[in-house]
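My structure is below; once you've seen it, I'll send some questions.
As written, the chains take the letters A, B, C and D, and residue 1 is the first residue of each chain.
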Amino acid sequence: MSHNTFGHLFRVTTWGESHGEAIGCVVDGCPPGLNLTPEMIQTFLDQRRPGTSRFVTQRQEPDRVKILSGVFEDDRTDGPVTTGTPISLMIENVDQRSKDYSDIRDRYRPGHADQTYDAKYGVRDYRGGGRSSARETAMRVAAGAVARQVLGADIEIRGAVVQIGPHKVDRANWDWAQTGNNPFWCPDATMAATWEAFLDETRKAGSSAGAVVEVRASGIPAGWGAPVYGKLDSELAGAMMSINAAKGVEIGAGFDAAAFSGEQNADEMRSGNDGIRFLSNHNGGVAGGISTGQDVIVRIAIKPTSSILSVTKSVTRDGAEVDVRTKGRHDPCVGIRAVPVAEAMLACVLADAKLRHRGQIGS
Amino acid sequence: MSHNTFGHLFRVTTWGESHGEAIGCVVDGCPPGLNLTPEMIQTFLDQRRPGTSRFVTQRQEPDRVKILSGVFEDDRTDGPVTTGTPISLMIENVDQRSKDYSDIRDRYRPGHADQTYDAKYGVRDYRGGGRSSARETAMRVAAGAVARQVLGADIEIRGAVVQIGPHKVDRANWDWAQTGNNPFWCPDATMAATWEAFLDETRKAGSSAGAVVEVRASGIPAGWGAPVYGKLDSELAGAMMSINAAKGVEIGAGFDAAAFSGEQNADEMRSGNDGIRFLSNHNGGVAGGISTGQDVIVRIAIKPTSSILSVTKSVTRDGAEVDVRTKGRHDPCVGIRAVPVAEAMLACVLADAKLRHRGQIGS
Amino acid sequence: MSHNTFGHLFRVTTWGESHGEAIGCVVDGCPPGLNLTPEMIQTFLDQRRPGTSRFVTQRQEPDRVKILSGVFEDDRTDGPVTTGTPISLMIENVDQRSKDYSDIRDRYRPGHADQTYDAKYGVRDYRGGGRSSARETAMRVAAGAVARQVLGADIEIRGAVVQIGPHKVDRANWDWAQTGNNPFWCPDATMAATWEAFLDETRKAGSSAGAVVEVRASGIPAGWGAPVYGKLDSELAGAMMSINAAKGVEIGAGFDAAAFSGEQNADEMRSGNDGIRFLSNHNGGVAGGISTGQDVIVRIAIKPTSSILSVTKSVTRDGAEVDVRTKGRHDPCVGIRAVPVAEAMLACVLADAKLRHRGQIGS
Amino acid sequence: MSHNTFGHLFRVTTWGESHGEAIGCVVDGCPPGLNLTPEMIQTFLDQRRPGTSRFVTQRQEPDRVKILSGVFEDDRTDGPVTTGTPISLMIENVDQRSKDYSDIRDRYRPGHADQTYDAKYGVRDYRGGGRSSARETAMRVAAGAVARQVLGADIEIRGAVVQIGPHKVDRANWDWAQTGNNPFWCPDATMAATWEAFLDETRKAGSSAGAVVEVRASGIPAGWGAPVYGKLDSELAGAMMSINAAKGVEIGAGFDAAAFSGEQNADEMRSGNDGIRFLSNHNGGVAGGISTGQDVIVRIAIKPTSSILSVTKSVTRDGAEVDVRTKGRHDPCVGIRAVPVAEAMLACVLADAKLRHRGQIGS
């Protein structure tokens, strides 16, 4: 019942504003005895870090993470290990330029949370969006790195961008290795070139573009998740929709399934060497809220960055009509940096499901 | 952390299997002093009741609800009113035909939760899907009726089917009044005729069809919801994805927003007579997880009913390869009866948001 | 965050008023495959049942429990077994005499929750105390019977009354077998005779007496529980204080420890055949919130029944000064029937701790 | 379901070990618009700070608190105010002497959590007790300062020590002003002198003493709290028992009520100028789990500090029998520094109850 915490047994609480002194999180419920170092977390933070290409925000943040608690090393442990106590992680903010935001102190930027935070709280830290900034997602990525340790080496979590603006990848060209060869996490080399041209145009126009992100987990055993309101896909939908700018979530065939017949949609089963072998995966690895043993597949619709250079109609806190034009340093397509965030959320939900499964089955 | 409970302050716990003695729920956290009678709840249950047209399951269940606790009437109260204590609701099962299911005792039906429940629990009530049956959703509808009392008369919740199979409604023809004039909750009279023909064909072929459901709430004030992991849209996504056969959820423009530019997606604001007037609602009434004051709009993708007459390849509990052909009485398109369920989930999430808002603002 | 639910992974939600149609509970999170029959639950309900001796209320309630969901039997299971889905239990109320309560419709009985429920809710079911009646504890006992199945045969839970009014048992006379030989759960045969005389006098005077109840669990392995706010003793204290009329809880030496020196209080350790052997158990089986492997020992102070025949000064809802004299059928010492309730709470907290432990340790 | 978080709507998550780099907490759910500065928090931390008299540990920790998030100041706000977002508080550890603890790396200190943490986690940070150290309570005090802002100026929270070792205060001598005039929070000047002599002797002998702490809140309106498992006294019992070394909790008359008759225990009511006037407060301000409007009164039994200079029998991790003698800097009576901690817990539970009350009553 906390709006800054997610998870049940593997729980992450984040704190911090875009232009405050620091941001951080507390990961509670991590089992003991798992190896954990700042470097393990840094690897993932570096994937999300701003300023790495011209297609993301130019804010310069090294995003160096510190582990303040929950890990212990002595000559009896094999490197620093988790102790089962809360893991406190912190990143100091470095490149805040709060004065960029004095213009919007009293103006609501369309599409941002300015109007809604003010309606709710009557007071807000307007610098860079304050708490509503996507800067918070750095801590999701950090927590996701811990979650990956809980999941272990047998479970692989990967992500890609599958659509930017109107341009969708061709699944026939899918090559996971390509996602590291371009600044878009694009698994289709041909499409990556298209996106580069499209986003250069978008960026120069001071505009922004939406995107669809796809994340997958392989190696999940059958049986994780739970019925009814604790469904694995329900947890995933809630987690993914909590990512800034997310407006839709689908599992497996998702909205395409609406147009299918029952025959087309059936994931038929045969006997495999290693248990059940499915002939398709329209269910995206989840049936009745519980993992089937196939890959878990989730897609997320990300709206275009709300901060654009074009003038948009808006109002002030006091209701006066004004024009708003957002300066500052912004991502032309926030969907790109959403990939490591969505991967992290998937890791966290699955780590939680792993721990819950043990508590559900008992003895 | 309970897989049969949803909500935080307005909490609903459901119980019961498809072919057990009864199904029921406990609604906890309902404020005192609200008028509540079985008839108020029955109205909504009747909308979801099986057997009402040839396009839904022919199982005959009167679905008469009893209120067992939480309501009190004496000459000081104006009719039966809630007391703030848990409201226990129960419906007795009448038309169970368990023997229909002896065939599937050891066979996994593709697309159903048979394999996954068995993987998780090692034991399952296979009669009609047991706990994984959509019969559970009757109690969601009952709880939703209570939630509507919490929301009050100023908030209106409505739903429609906007796609069946490949056939989508034409939004230019949208007329809410039409949703009561056909057995499909179709707001487009022309499309209703198309669906009738399409579903008659589907039904006769022993096949099934997917659908997209849309639900809307109007009258929600700005400021409900919460940041980060308690986002109103995150709560909605989790709630809607927990509905049987749901594979996707979107808010406002949803997946369409991925193809938009920042300019197209901006919900510009002008000053209205009664506060802010928005020029569009791509955000679906939620920004930064908090309500904007516009209509809250949610769409849900429902996969085709997994129970079909066609033979599908499957396996037994013991791993032997078998053919499965699902007899029993099934909905050719479960998306239809999902409308009152999705409305109920929307009502419950909003009732919870209303109560949480008060607890968040304090003083 | 639900005031009618307790537990985290093993969760119990109760519902119902003293003079409503029925009372019930939903037990969620019970692992699958455990044998469970109504008879197993009835055994414990019969220990708490009213009307069994002249020292408890004369209300006649057979308290027959029904299992409405969550249990399944076919020729593959060894008798009825839990399926991992919610277990719904219900007891119909039989001997309500609501008219006994018309006198207190507008009068607040001192010590009861009449004034406080009215202050909170502005409406209340005054018949027999409504939701605040100890009748609710029947469902705790029922849930406790399920919890015992989760704990298994190696864990024994027992209870006794150790003080009634000013009369405390002599621990030198402690004999568990005696608790079944008198209507007081008294482990000291000599004291049982004293209590009989004392309570006969109390009862005839229309007065009531307080008591101290002690419950113990043996067979708990070291390592259950959790640090800081999830401490096993913290969970126990919360659970026990939620029992009607409880005003104090202590673990192990409890308040006596305040007078001890560090040397007196130390539970020294030696090496035993089967792990650590403790030389004393002042900690009551819990250190740092985690079980030590010794017996878990809890005592609860129960205030005298607030319903007495003597005239007490009070006020009406409208603030008028009145005299109150409580008729109806009441327990001269509610502490007696609190024994099976306290045992049940201990069983529930431990069953939850058992499941949590698995989820905390992970992998 | 987090063992490092407490509260429901006003939630506190703490992190950090005794000898780690820092300790901290995240306060989530604090309403917006409340004035909050580091100085407001520091006042309470200084009351708990080590090294302030010879009767508490000589560890030198300035305990300077930093506010890292959740507070904002601009020319529109009247000083720094809360924004409704999570408040992150941190204290850097300064005077760690980890080498003091090398002796106990493999030895279990009787009464400490050494054996139990090891049984649970298989790994532990043994330096100063790691996470099980009472150093964690500094963050409870910090969070309590925030809770006091939520409660507002009309609610007063005070605490005292009422027993040290076998010596109890004389309630006839009670004078709140005295609690600031001696290093024991003793409200009875005569008893303070007795305690000084007693504790000097204890300290010189390398021994330790238990204590009873009493905390009170006045100004609480009738109606806070909730029935059944959300009882205000149940929440208080759980919160207080989570304090290090607590072994018992009682509300109002507590264990004394067990010896009372119903007549003695009744809190009779008369009509007062300002609503109901109670003639006594044996219930300690709570009836049926809901506040009556009287002072809320809680007492906590604190066991003697487990760290003593005397040799005690113990075992190593490997089960070898050893003698343990605890060096390091310890409180001869931890009950003294428990006063600000117990006050803080009372403030936090009440702040949470205040917010919950609004969410429970609704509309």
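One rule holds in what follows: a contact is a pair of C-beta atoms (placed from the backbone, for glycine too) under 8 Å apart; a residue touches a chain by one contact, two chains touch by 3 or more.
Predicted model only: the values in this text are computed from it and were never measured.
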**OP:** Could you pull out the chain whose C-alpha mean position is farthest off from that of chain B?
**Re:** D
Original post:
If you tally contacting C-beta pairs, which pair wins, B-D or C-D?
Top reply: C-D
Original post:
Whole-Å distance, chain C centre to chain D centre, using C-alpha means?
Top reply: 27
Subject >> chain A-chain D separation of Cα centroids, rounded to whole Å >> reply: 38
**OP:** Determine the centre-to-centre distance between chain B and chain D, using the mean Cα coordinates as centres, and give it in whole Å.
**Re:** 45
Subject >> Sites on chain D at which at least two other chains make contact >> reply: 1-5, 8-9, 14, 29, 32-33, 84-85, 120-121, 131, 227, 356, 360-361
Original post:
Which residues of chain A touch chain D in the complex?
Top reply: 1-5, 8-9, 11, 13-17, 20-24, 26, 28-29, 32-33, 66, 68-70, 72, 74, 76-77, 81, 83-88, 105, 120-125, 130-131
Original post:
Along chain B, where are the residues that touch chain A in the complex?
Top reply: 1-6, 8-9, 14, 108, 110-113, 115-117, 119-121, 131-132, 136, 163, 165-166, 202, 207-212, 221-231, 233-242, 246-271, 275-276, 279, 282-284, 286-293, 301-308, 310, 312-315, 319-321, 335, 356-357, 360-361
Subject >> Complex interface listing, chain A residues touching chain C >> reply: 1, 9, 29, 31-32, 84-85, 150, 152, 227, 354-356, 358-363
